[in-house]
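Naming follows writing order (A, B, C, D, E and F), and every chain is counted from residue 1.
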Amino acid sequence: MDKFSYLLPANAAGFKDRYVTKVTECISHYSTGIRGEIGLIGLPFSKSSISHSQAGEAPNTIRDCLSNITTYSGEWKMDFKDKMIVDFGNVAIHPINTEESLSRIYTSIKEIIDSKSCERYIMLGGDHGVSFPSIRAFQEKFGTIGVLQWDAHHDVRNLKDGGRTNGTPFRSLLEGRFVNGEHLVQIGIRDFSNSQEYHGYTKEKGITVYNMADVEQEGIVPLVKQEVERLSKEVDFIYLSVDMDVVDQAFAPGCPAIGPGGVTSRELLGSVAEAAKHKKVKALDIVEIDPSRDFRDMTSRLAAHVMLRFMYIK
Amino acid sequence: MDKFSYLLPANAAGFKDRYVTKVTECISHYSTGIRGEIGLIGLPFSKSSISHSQAGEAPNTIRDCLSNITTYSGEWKMDFKDKMIVDFGNVAIHPINTEESLSRIYTSIKEIIDSKSCERYIMLGGDHGVSFPSIRAFQEKFGTIGVLQWDAHHDVRNLKDGGRTNGTPFRSLLEGRFVNGEHLVQIGIRDFSNSQEYHGYTKEKGITVYNMADVEQEGIVPLVKQEVERLSKEVDFIYLSVDMDVVDQAFAPGCPAIGPGGVTSRELLGSVAEAAKHKKVKALDIVEIDPSRDFRDMTSRLAAHVMLRFMYIK
Amino acid sequence: MDKFSYLLPANAAGFKDRYVTKVTECISHYSTGIRGEIGLIGLPFSKSSISHSQAGEAPNTIRDCLSNITTYSGEWKMDFKDKMIVDFGNVAIHPINTEESLSRIYTSIKEIIDSKSCERYIMLGGDHGVSFPSIRAFQEKFGTIGVLQWDAHHDVRNLKDGGRTNGTPFRSLLEGRFVNGEHLVQIGIRDFSNSQEYHGYTKEKGITVYNMADVEQEGIVPLVKQEVERLSKEVDFIYLSVDMDVVDQAFAPGCPAIGPGGVTSRELLGSVAEAAKHKKVKALDIVEIDPSRDFRDMTSRLAAHVMLRFMYIK
Amino acid sequence: MDKFSYLLPANAAGFKDRYVTKVTECISHYSTGIRGEIGLIGLPFSKSSISHSQAGEAPNTIRDCLSNITTYSGEWKMDFKDKMIVDFGNVAIHPINTEESLSRIYTSIKEIIDSKSCERYIMLGGDHGVSFPSIRAFQEKFGTIGVLQWDAHHDVRNLKDGGRTNGTPFRSLLEGRFVNGEHLVQIGIRDFSNSQEYHGYTKEKGITVYNMADVEQEGIVPLVKQEVERLSKEVDFIYLSVDMDVVDQAFAPGCPAIGPGGVTSRELLGSVAEAAKHKKVKALDIVEIDPSRDFRDMTSRLAAHVMLRFMYIK
Amino acid sequence: MDKFSYLLPANAAGFKDRYVTKVTECISHYSTGIRGEIGLIGLPFSKSSISHSQAGEAPNTIRDCLSNITTYSGEWKMDFKDKMIVDFGNVAIHPINTEESLSRIYTSIKEIIDSKSCERYIMLGGDHGVSFPSIRAFQEKFGTIGVLQWDAHHDVRNLKDGGRTNGTPFRSLLEGRFVNGEHLVQIGIRDFSNSQEYHGYTKEKGITVYNMADVEQEGIVPLVKQEVERLSKEVDFIYLSVDMDVVDQAFAPGCPAIGPGGVTSRELLGSVAEAAKHKKVKALDIVEIDPSRDFRDMTSRLAAHVMLRFMYIK
Amino acid sequence: MDKFSYLLPANAAGFKDRYVTKVTECISHYSTGIRGEIGLIGLPFSKSSISHSQAGEAPNTIRDCLSNITTYSGEWKMDFKDKMIVDFGNVAIHPINTEESLSRIYTSIKEIIDSKSCERYIMLGGDHGVSFPSIRAFQEKFGTIGVLQWDAHHDVRNLKDGGRTNGTPFRSLLEGRFVNGEHLVQIGIRDFSNSQEYHGYTKEKGITVYNMADVEQEGIVPLVKQEVERLSKEVDFIYLSVDMDVVDQAFAPGCPAIGPGGVTSRELLGSVAEAAKHKKVKALDIVEIDPSRDFRDMTSRLAAHVMLRFMYIK
């Protein structure tokens, strides 16, 4: 708007320091022919949640948090301002038909992969129900898939008692043979948050489960390192699925299913950064943040930092 | 618990004045053979809402508000403590299948009517989507039905753009011929909250529409009186459907779609009380309260008083 | 994004009903050559506030509220969906230099007028300090200016005790001879919210003052009608300045200086609509909303409806 | 602090306009020999509340609100800045012994009257339990006492079911013969908020009761005028007791027992101002505000304006 | 309700997974002849709090939190769904008479012990004032009693300055010789939260005090282990009293007296679990949670997990 | 007020235990001739903040928190009740002129130093902009100055893009040669919160920077100890500047620029206590708390404890 001396677009930041680059400045909306390192897709879907959830608002809230974060790591002495992020926008969710919505997510992710416009992918949920169509799409495009799931819960509920809710994504993936039990690793599973039957199911299917006692004893970073190495030999592609309720309620007060005794922010950030180092790790979803219940978007801020630890690697 | 001197059940009120009767003391849970004047049914369904809504929490919140309200009217010098209310509980909602949920509401209301255990019915929503199966059930049991709808919106959206959402119940009732356009009266319709096309649809179908200018000029009580009298000659049964967003946001801050310029609390209470006087008025639903967004349950408190104006009549 | 079946831009509404037009759909960002009926400018400036205020966030919050409001008036049976609104964005505010910020507002409004791209103008504050540069700019472009000010306060504080704060805009306009006292009308002035000295100043300058007792006795609509008619004979251009704290705290809980005993939402909407009818009324500012202290954006929603009553006229 | 150029006491207002007087500037803490027109006493007592209440915090919150209110009435063209208010501080409440606390209130008010340092008295509660010792003290000092009680509730509960709670002050006053039933007027009593038995008790004792239907039909101001005139012929002293829950929840959201259908802010302010005109009206209490549940101190702000309507008379 | 296909009781959970058992499903209300492992008693008493407190609401809030917690420990591979909990309800508290309330608590706990219907006891406060009558009752029934108190404060205030407030329970127990100083262990005492005199009193009485520096240096689990072992040799019965303000404000934001520098959630859960292992540990109280000031019931959720660590032992 | 038996000043605490001394009881307002150990000055300035901030309210909020904190350390077995604190009040801030406000802060601190009434100084901000005039004043009075800065950010922004904002204090100090780069130590600098250019600037100027990785590896206490020792040999006076956003958002939720991955409360308290031991450490500022966005004043409570660790030394 060159004829106006001082006007800025309505949603622009009011203040710009010429020597600071915010992550939002590295984001471009998708257009034909664009290419970037990271693809960003919003999955504003939370109607499959068993309890009420406005997790569907998280993709935009997390994006907003990126406007307060810079591209520079002083610890690594590296600036990532040249790493372009392509924002594909959000998948249009059907108001009431959840199967239709899951199908749209699946189709959209396949179309995005087909566009070959980026190398790594970040999916912002939404509730954990989005991981079923998302992981399925990646599996069908890239071959055998390994999944690291940060979560307080197994998420392998039966489908009879309520259909494909946010408690079922990994059941759906296993039953549909999109993921092999040996290739699923669950980290941060919490006591008194799951049932004996579903714990038995994970054993039966060969899922690797690390509960909070394991995390405390072995350390989350070495444990993740070891599992990424193992998986990398067995699969073509590694997908990280971060259910934010793996984090203790003091550090992530905006999850629908908050509780005490989870991992700290640092344990989450450090372990995602560790996993992200491996070149087969190419996709990340972050789910189960309900901004309407958060305090000062603390949980979305943490999620934005999880994105950075995945995107920006040494 | 006669062996204990001071123990009360966990959810009992801590203090009881022997000379005061609270409405909750007049409520009995349904059991075979029970009979009361009023039947109370919770419809905790809000997954059909276009925007996120926790209106599904309202039935229990409104019930809780009844514990602060007494049975005595000083204005009429009448005590209603002998009017028994039968609480049928809440319809179990399916976590993700909205058609299934609507069907369960429909079936449950028919079963309740069949139980012949009460004379008048109060349905606590939920979002406005519950009125379709509810009114349909009453129509099929009682014959030609007239509906007075307090609402800022017409709620006759097309079904193609999102299915049976909370914006469509009266469309569904009219298209299914459960209600005749001439027997539907909309009160409190607000400017800049509807569209030309849907306004045209109400004209085409013969719906009687009173917007806020009409309410201000004619007065809501005389207007309701006149329409109840007209309907009573044409129908077998009159159903009141109160979408709380007909009320101005200052008086009902907990509706999902709040806005300025609506009716006041007194206009709502006075007009419901006027309608309730007629013996053909036998059912009431109250919808579109999201307790998670309310301030001190003000909107649910108002809804509880709406219940009283319907239940307790001279 | 034609190669993707379901993707929407990140900030797009998730649901679209083909038969409903929202006001936001009628807004275009300014580009050279564009022409529309209404020009919209954000003035996110609140550093001149005597007490802490985040009124600078209101322009974007009010814009967001327009996405919930349709273009159709059922009372007038008119659809305004063809009335284009040109959004010029927000004036860039200097982080600490308030004189510089006031100067940028002044310059920007003159540049916008010079662009000749619209017929009427809406300025969204910010605190009331923005009205000084805004009204001055209009005066210099259009000639003698009349101002209708809805306000609980005179806003004619002396400049010695704190400079050009949000308590001084009309003092600055009068002292600078940009507005003549006879052409300034203050409506809704409240008891125990002003001082004897400033009341004396309004008398001395010939300002017409209607306090709340006047509003209650004469009615706000007839009073506005009479003053618009009077002014229209004496001035070239009429500017409406709406300080939202003219409204009672129950209806506008988000103003920095809330209090009881003000006008109702209906009195505000009705009186702005009355003023807007006159063809010399061509500019409106809305100021003193602090979204960080509001409840569910109630005050910004009311402001959005004030915009509509100004924009959409019979 | 003359050696420092810019230092202000820690709790001083940061900004002072030399031409504006705030009510707080007219308040002096009590010291021997001081004389003022109004005496102000805080009664931070809410342990007698049946339900949990932090009404004990209201005296200080209401005082804080006075710092935003000026001494000038534009409607009357009168400045009250020379009317001195003597602040006696707050009565020290016993942490657990409510009888001791009531006794301290009673003693303190008698001591304050004995100090002969002011002409009219304002007591800031606390819950309604404070009115028993307060009115009793005035009765014993000034003779036959008439009471105008603005209240949604009769507050004449039996003493057996819980002792002297906040539901009993007028029972205690009547039973103790400190007030004669004919000299008690209750205004704004609300339906479904009282019981038949207590309504009967008011009849039996000769209390004059105006419920909300009376207020709506007769108008609150004429009704108060008529009762003050009647009482003034029968009593030596008139005491106003304002339970803020007489106000509708939209205008007074911070009362412990909020509900819809009460008086508006204007009805309250206008009727207190009407009563205050009479020279026998010499004491006012304001009770039942719980600042911890209010929104932006709206209810305390309204209370501060009630104080002004009592203090500042033509 | 077999004649209805889909109706659930009003407060039932909306969704049931057949393979998951929630703790609430293991709770039965007391009835004659019932026997269970754990007895649960609510002590909704907070009128003895020095500062305002709604800790009286905590028993029901903590119970509600149990509906989100399952009976299965994956770390121990044990399901506790067969461990029955008998809920005795809440002690009826007198509205104003605190001595009467303390007496009712004392009597109720003795009556519950006499019912011989359970083996271990959980008391949910309330403020810390409840521990005096509770511990006294257990002492009189079971003999010499040892107490482990998790607390930031000594709670041995003098009784002259305010009677038996929530700052005095252990003073009352020591002075009444219900507990011997050598048998009281205080863990987590915080700097700048107590006074020299009361610290001296603990020394004089032989109380064992571990402050936060001790906790940091020795580790809370070994320290608790050692003290339980010591006490077990000297007493007949060990009682755990958990004042939640021992926890850092980040992890327990809902205590009336929050502050920084306390124990973490894990330190609390781990140390209670350690103590619970010993067979002489048979009673637990959890006090000082004010749900009205908490964020998303985080503190009550933590308290519910404390219950589990006490109830469910290897 | 000896003629009244129970009256307390309006803002006095309601309850006093004769054996407990609160920190507020050790504070005296400045008067000529007074002498104390600690001087306390409020700098309620936040208009230089780049984003909206009400940090100007923090000085009074932090003071209020001192009323809940006692003077006794059980860990050191020392009572500090005889250490007098002189409260100089708050610097009067100009409503709009930030240069004037900075100048008033500078002048006030010099005047306070000149009063020679205390030995150590605590400045309560305000935003970080206050540290420029504050440190400058101390440098000019005491000679070469060393600064330990706890902060997530370098705060060395350029002055061209917005003037002396809260992002620039250390730039201003370095450019003005009030502090030498070698004498500035930054602790807790966080990744993705700064830019490459400003990191480069710190290197160029010789600033010692410890980022969060350093804190985690070396431990914050040893690191602070080492730097205080180094500085003490090179400077005359050591000033501690604590920007509370160095703390993780879970422990300090009320900072304007919150984020995950910062230091814990204990790390902050322990490291300030370590620094405070050295006799050259004589001044402390605490900045960047916005009480309007905090939860239960948690961040101000933590700040009050930081004050104690600085004031009360072994």
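By definition in this document, contacts are C-beta pairs under 8 Å (C-beta built on N, C-alpha and C of every residue); 3 or more make two chains touch, one makes a residue touch a chain.
Being a predicted model, the structure only gives us computed values, none of them experimental.
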item: Fewest touching-chain hops separating chain A from chain F; value: 1
item: Touching both chain E and chain F (chains); value: A, D
item: Farthest chain (mean CA position) relative to chain B; value: F
item: Distance-maximising chain from chain A - centres being C-alpha averages; value: D
item: Comparison of B-D and D-E by number of C-beta pairs in contact, larger one; value: B-D
item: Repeated interface matching A-F, over half of the contact pairs identical, chosen among E-F, C-F or A-B; value: E-F
item: Chain C and chain D, separation of their C-alpha mean positions in angstrom; value: 38
item: Inter-chain centre distance, chain C versus chain E - centres from mean C-alpha coordinates, in Å; value: 56
item: Residues within chain B bordering two or more other chains; value: 15, 50, 56, 95, 162, 250, 295
item: Set of all touching chain pairs, with the criterion as stated earlier; value: A-B, A-C, A-E, A-F, B-C, B-D, B-E, C-D, C-F, D-E, D-F, E-F
item: Complex contact set, residues of chain F against chain D; value: 1, 3-12, 14-15, 29-30, 32, 41-42, 44, 56, 59-60, 63, 87-93, 95, 104, 107-108, 111-112, 115
item: Interfacial residue positions of chain C with respect to chain B in the complex; value: 15-21, 23, 68-77, 79, 250-251, 265-266, 269, 295-296, 298, 301-302, 305, 308, 312
item: Partner chain B, residues of chain A touching it in the complex; value: 46-50, 52, 54, 56-57, 94-98, 162-165, 292
item: Of chain F, residues touching chain A in the complex; value: 50-51, 157-158, 160-162, 167, 189-199, 209, 211-213, 216, 248-250, 253, 257-261, 293, 295
